[in-house]
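Shared between the two complexes below is subunit A, which has subunit B as its partner in the first and subunit C in the second.
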Partner chain A sequence: MGNLLEVKSLSITFEGNQAREKVVRNVSFSVMEGEILGIAGESGSGKTLTALAIAGLLNRHGAVSLEGEILFQGKNLLTCKREELRRYQGNDISMVFQEPMSSLNPVMKIGRQIEESIKIHGTLSKKERKEKAIWAMECVELENPEKIYHRYPHELSGGMRQRVMIAASLISNPRLMIADEPTTALDVSIQHQILKLFQKINRENHTAILFISHDLSLIYHLCGRALVMYEGSLIEEGNTKEIFYHPRHSYTKNLIACIPTYEKKV
Partner chain B sequence: MKYIIKKIFFFILTLLIVVFLTFLAFQIIPGDPAVSLLGTEGTPLKVAALREEMGLNKPVGERFLTWVLNFMKGDMGISYSYQIPVSELITDKIPVTFLLTMLSFAFIICMGIPLGIYTSKHAGSRLDRLIMTVNQVTMAIPPFFLGIILTYLFGLVLKWFVPGGYISYSDDFFGFFTYLIFPAIAIAFPKSAMVVKLFRGSIIEEAKKDYVRTAYSRGNTINGVLYGHVLKNAILPVITFLAVVFADIIAGSIIIEQVFGIPGLGRMLITSIQNRDYPVVQAIIVCIAFVVLGSNLLADILLKVLDPRIKL
Partner chain C sequence: MKKPEYHIVFTVVLLGVLTFLALMGFIHTPYDPDAMNGLEKFAAPDLHHIFGTDHFGRDVFSRVCKGLGTTFFVAVTTVMIGALGGTVIGALTGYFGGILDEIIMRFNDVVASFPSVLLAMVFISILGPGKYNVIFALGIIFIPSYARMVRSEFIKQKNFDYVKSAKLMKAGSFRIMFLHIFPNTTSVFMSSLAIGFNNAVLAEAGMSYLGIGVQPPDASLGRMLSESQAYLFTAPWFAIFPGIVIILMILGFSMLGDILQQKNGGI
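And then the complex of A and B:
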């Protein structure tokens, strides 16, 4: 399988009034077609910024400068025009965010939010879009999709909202789904269901997933390969099991030590 | 539905309280309609007889109840100073003030909303900074002062209209309409400056929220995000403010009618208060309270429609 996404020596710098702060340093990795790649690291390690850079969501702030290359299917997203980049967003690359409450528009019906990306990129009629939205909601195992279609975000529980977010990002059948801490705001039993959902999407739609989490045990369960980031740099890369049992970096060892003990027996 | 019935109930209750308070106010302030009506011929004996005839000797509560009962029958009483029914007196003033108010409100929306969107979109640019500086100054100009400036500039210097040359709407509607444009601008300018500032701030605040990032991640253009997502959220505080502004316009029109010599409800209210012409004052206050409360009711319903999170 070929490389879907290649990140080559990516650096992200915040340009303050006086100080410049490099928050991601020289990061390189690739995501293969159809794989689930995990990025682990504590908050502030630069993993979210890396994800936002790939999704093209950083360059709209003038105070950030990006160096390096982000090649998606061979095309450098960092140098292409805004209009060109936009055609990838929500179409080939979609995102699932951490906070399912604030990441949904509070005054827009669920159905319209799920359909939005295919409305922007596609030519489907209103009826076809609704059918597709219902299909996406069934994919993420939301009950009563017809009913939820007409609901507003505040009427749903946290777990349901995150399913809505996932439905909205899988509806366009993207090649790459970036999930930034998608389960952090949810309780443990729902976390487990959402992880299963990502596995299902990956298996059935052959969508590559970039799964970002501070929780190494989630990455262990979900991802074949993983990266570990620390203070903006990539410190570990490889097979998840290998990282788990033979961590090279002392920070990774600490991360593993943080996992509750029963996990280690697996 | 229950929400609306509840709102309408409070609407009527508030109206009654407003009317009762005006009854009380006239009890407290000095001045007697019988005295002002009789003028120099007012011997104490004549005044006492007239007071009895006008029913002024009855307790406030009783007069209030009689007034309410008559009002519900459509009888607003007879003006003390003109000796004709109040309804006749105010029916041809209502359209004047109504049109002035609507015209001012339309100006506020036509200037405030687009400028709010423009300045928020180009926040920090040179033009934005210029507009916001002018805005800050405009906000501080009282409408009557602006009215005087406009009369001087467009009336006396440029001669676009004749100051004081009010044209009745029954004679020439177009002439009447054009005469109202400058008074409406005088009322609308400071208010629309406030709308610009509020709306701009609200849009900028909303644009920082997480759902905006989600909207971009789906491939929306800047305009797609702004018009499809941000505006509906950002307009909510503006609607509440516009309801307050609407009430304020009516208060403003009382002064502006004086400046431009427009025979509307505001002018009539002032002369009636001076003459202690209670029935006219009551009727006008009910009209104003009705519109003020009505605009608030409308804003509440509109907010409920736009924002599903508002609980009944």
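And then the complex of A and C:
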């Protein structure tokens, strides 16, 4: 299997008034077609910024400067033209955010939000869009999709909202789905359902998933391979089991020590 | 909604009655509001003239209806100009930020630091008095307050993940601004429409009272107050009825603003 995404020496710097703060330093990794890659690390270690950079959500001209390369199917997303970006980002690359409360628009019906990306990118009729939305909602195991289609976010539970978010990012048939702490805001029992859902999507649609979490145990359950970030740098990379049982870095050992003991026996 | 919400019923009835009177002013009034009658000057309220007559013998009720219509019209169009202009400016500056935002907002601060009636007087002294000039002047003057309100809502909303999500889908800036973000500002926006409406009513009344607003023979509530003040003791009905109608109008729209805010805050 080839590389779908290749990040080469990515650095992200915030240009303040006086201070320049490098918050992601020289990070390189790749995501293969159809794999689930985990990124672990405590909060503030630069995981979200890395994800946003790949999704193209760090303003190219703002107070942020990006160095390095982000190659998606061989194309450098940091230098290619707007039209090409449109084809990849939001279409081939989609993203699920941490807070299912704020990542859905409170005054827009669920159905419209799920359809938004194919509405912008595609040429489907209203009826075809709805069919696809219902399909996506069935994929994420939302019950009564026809009903939920006409609901507003505040009428749904947190777990359902996150499923809606996943449906919205699934509908364009992305090659890569970035999930940034998608279960952090949810109850433990629902966390497991959502993890299962990611596994299913990965298996059935061959969507590669970049799964970001501060919780190494989730990554252990879900991902074959994982990275560990610490203060903006990659300090560990490899097979998840390898990392879990033979951590090279003392920071990784501490992360593992943070996991409640009953989980470690699994 | 177990308990009947009396304040809503009251607001609806009050605004309904006022709207009905204003419509009467446009369509049909019991007497010609401009017809003078020297024999019936200062007639006290009775069954023929329920609000009495004024210093030219004109029927005060008919004039209140017509004046209410004028005041309504001026207030609605003024708020429309202010809200439309303010929304566009506020959305652009709030969403994009940057140097243009700085410049426009400082200009806004300058405009907002003058009382609106004073600014309107400056406009009128250039344009001349009259209904349409009042609308134009007040409309322009109300733009900054709407712009400020919409801008702060946009600054708040643009950092939410749903906007990032829309950006990731490569929705255009205008699509994000007006389809995604703007509907989220409606609760604040609607209640500020009601407040703006009240400000417009007061400003129009004030300007007409000062003689720089609506010009005779057009009736307006403020104009009637201004004409009536010389006869306050001999013919109090001439001042009292237009005054009461202004008060009821302000009351009705203030309550409407409160209700809209409460209803939307509940989500």
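Brief remarks follow.
Criterion: the second predicted complex is superposed on the first by the 263 of 266 C-alpha atoms of A that agree within 3 Å, B and C clash if a C-alpha of one lies under 4 Å from a C-alpha of the other, contacts with A are read in each partner's own complex, and residues count from 1 in each chain.
What we mean here is this: a residue touches a chain if its C-beta (ideal position, glycine included) is under 8 Å from a C-beta of that chain, and two chains touch if they have at least 3 such contacts.
It should be emphasised that the depicted structure is a prediction, and the values quoted were computed from it without experimental measurement.
Overlaying the two complexes via subunit A brings subunit B and subunit C into a clash. Within the superposed three-chain model, A:L156 lies out of touch with both subunit B and subunit C [touch as defined at top].
The superposed model puts subunit C in the path of subunit B at one of 3-11, 57-65 or 165-173, which is 3-11. Across the superposed pair, subunit B and subunit C both touch subunit A at residues 55, 57, 86, 89-91, 94-95, 97, 99, 102-108, 116-117, 120-121, 154, 165, 168. On the subunit A side of its complex with subunit C, the touching residues are 52, 55-57, 85-86, 89-91, 93-95, 97-99, 102-108, 113, 116-117, 120-121, 154, 165, 168. Touching subunit B in their complex are the following residues of subunit A: 55, 57, 60, 86-91, 94-95, 97, 99, 102-108, 116-117, 120-121, 152, 154-155, 165, 168. Of all residues in subunit C, those touching subunit A in their complex are 160-162, 164-171, 175, 180, 183-184, 186, 267.
Listed in rising order, the residues of subunit B touching subunit A in the complex are 209-211, 213-221, 224, 228-229, 232-233, 306-309.
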